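Chain naming follows the written order as A, B, C and D, and within any one chain the residues start at number 1.
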């Protein structure tokens, strides 16, 4: 499998901690939603404390951690929301 | 006991049936809220079918049928309301 | 510090209910949630067409009962603002006959208090609805429950 | 005969929420009950003073989730009109951050549908609140629940 590159949007506390609105991760293996969040926390340690309250959104829909990702997916990490 | 006279306000279906906004009843005995409604139904038979769904209001408060009435009380017969 | 004075706006109206004024009245720095319920004249009920509703009231008692219901709501929930408005006379299709509004610190009590007030208003407050149908029939609507004397 | 077309007004706003327009949108001959919930910026929470709230959103996804929640509400209750508006950016004290409105034939489903929509919005819709306190502290508020993937 060739290298896949995922641009991940960040919001709220994650954007504040990392001081960027998105990060980019590369992988040479198939990866799941949960795997991508684990990888993000390894490469960006300030995210690690939030790992247990992260949900991945793929193409603007929430997915289970077991979902496999596709090259070209629009990806965002969502922490518990607080609108309203 | 001298004769007591009670003016009773009517609304909604009772006012339509009797075509008056109030009736006056006289009694020479002490009377309860329930007794007054019974008397009204005797003297105004078109009211009788509504006897079981009447509540008396005395001085603008609902009362139990067992309440004794006083000369000078402001009295109204209330059928189930339908505001809202 | 936090504002504790409860305020209420209770009225019977001959003119249309103004939701904008009601909302302005309900706004307060003490509230995080405002729940507003508006009852409107519905055109169709079980295939019968309503032309209009008209409301009559035993007005002084209706106002007293409305105040008593707000007293009860204030005793149960932290209600900072309450609005109870009922229109009398004819209310055309899609227009408001009643507006219930409450402002509370959080949303659960806003929903609970406004639901309580509209449910109780429909049992306790001496207001009656006369419904005019498209077939010419005109009837007084009767509620399902007799009103309760307080403390009974 | 009875009007069956459901209509919805869903939006994210940079400007103040206009309750008058929302109410006009909700009015329909098919409705007997309109329930509106407005979330407002509360000044005091457990003795801490809030100066203002500011909301940010993952906007395209937030709009999709709002539509999905209205789909769910329409599948559960006979909802003729739905209004879901959320303001973004700074929301001063006592002003509205969110407005949920539904119009249904009768009142019980109006209360149920609007309560469902605000409760679900607060779990599912990617909008976050940043709170500025009078002591200079400024924090991102985190909800109590992770959002759920649909059909899970």
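Everything that follows uses one rule, which is that a contact is a pair of C-beta atoms (placed from the backbone, for glycine too) under 8 Å apart; a residue touches a chain by one contact, two chains touch by 3 or more.
Treat the numbers as computed from the prediction; the structure is a model and nothing was measured.
A.B. asks: Which chain lies the greatest distance away from subunit C when centres are computed from Cα atoms alone?
C.D. replies: Here the answer is chain A, farthest from subunit C.
A.B. asks: Need the CA-centroid distance for the pair subunit B / subunit D, whole Å please.
C.D. replies: The answer is 48 Å.
A.B. asks: Distance-wise, how many Å sit between the C-alpha centres of subunit C and subunit D, to the nearest whole number?
C.D. replies: Their C-alpha centroids are separated by 23 Å.
A.B. asks: Averaging over Cα atoms per chain, report the distance between subunit B and subunit C in Å.
C.D. replies: Using C-alpha averages as centres, the distance is 26 Å.
A.B. asks: If I count partner chains per residue in subunit A, which residues reach a count of at least 2?
C.D. replies: Only 84 qualify.
A.B. asks: For subunit C, jot down the residues that touch at least 2 other chains.
C.D. replies: Where subunit C meets two or more other chains at a single residue, that happens at 39, 107, 118.
A.B. asks: Between which chains does touch occur?
C.D. replies: The list of touching pairs comes to A-D, B-C, C-D.
A.B. asks: In their complex, what parts of subunit C are in touch with subunit D?
C.D. replies: Answer in residue numbers: 1-2, 19-20, 23, 27-44, 47, 93-95, 103, 105, 107, 110-111, 114-115, 118.
A.B. asks: Within their complex, state which residues of subunit A touch subunit D.
C.D. replies: Touch list, subunit A to subunit D: 9, 11-13, 16, 53-55, 57, 60-64, 76, 78-84.
A.B. asks: So in the complex, which bits of subunit C are touching subunit B?
C.D. replies: So the residues of subunit C touching subunit B come out as 39, 55-58, 60-62, 64, 86, 97-98, 118, 121-130, 140-150, 152.
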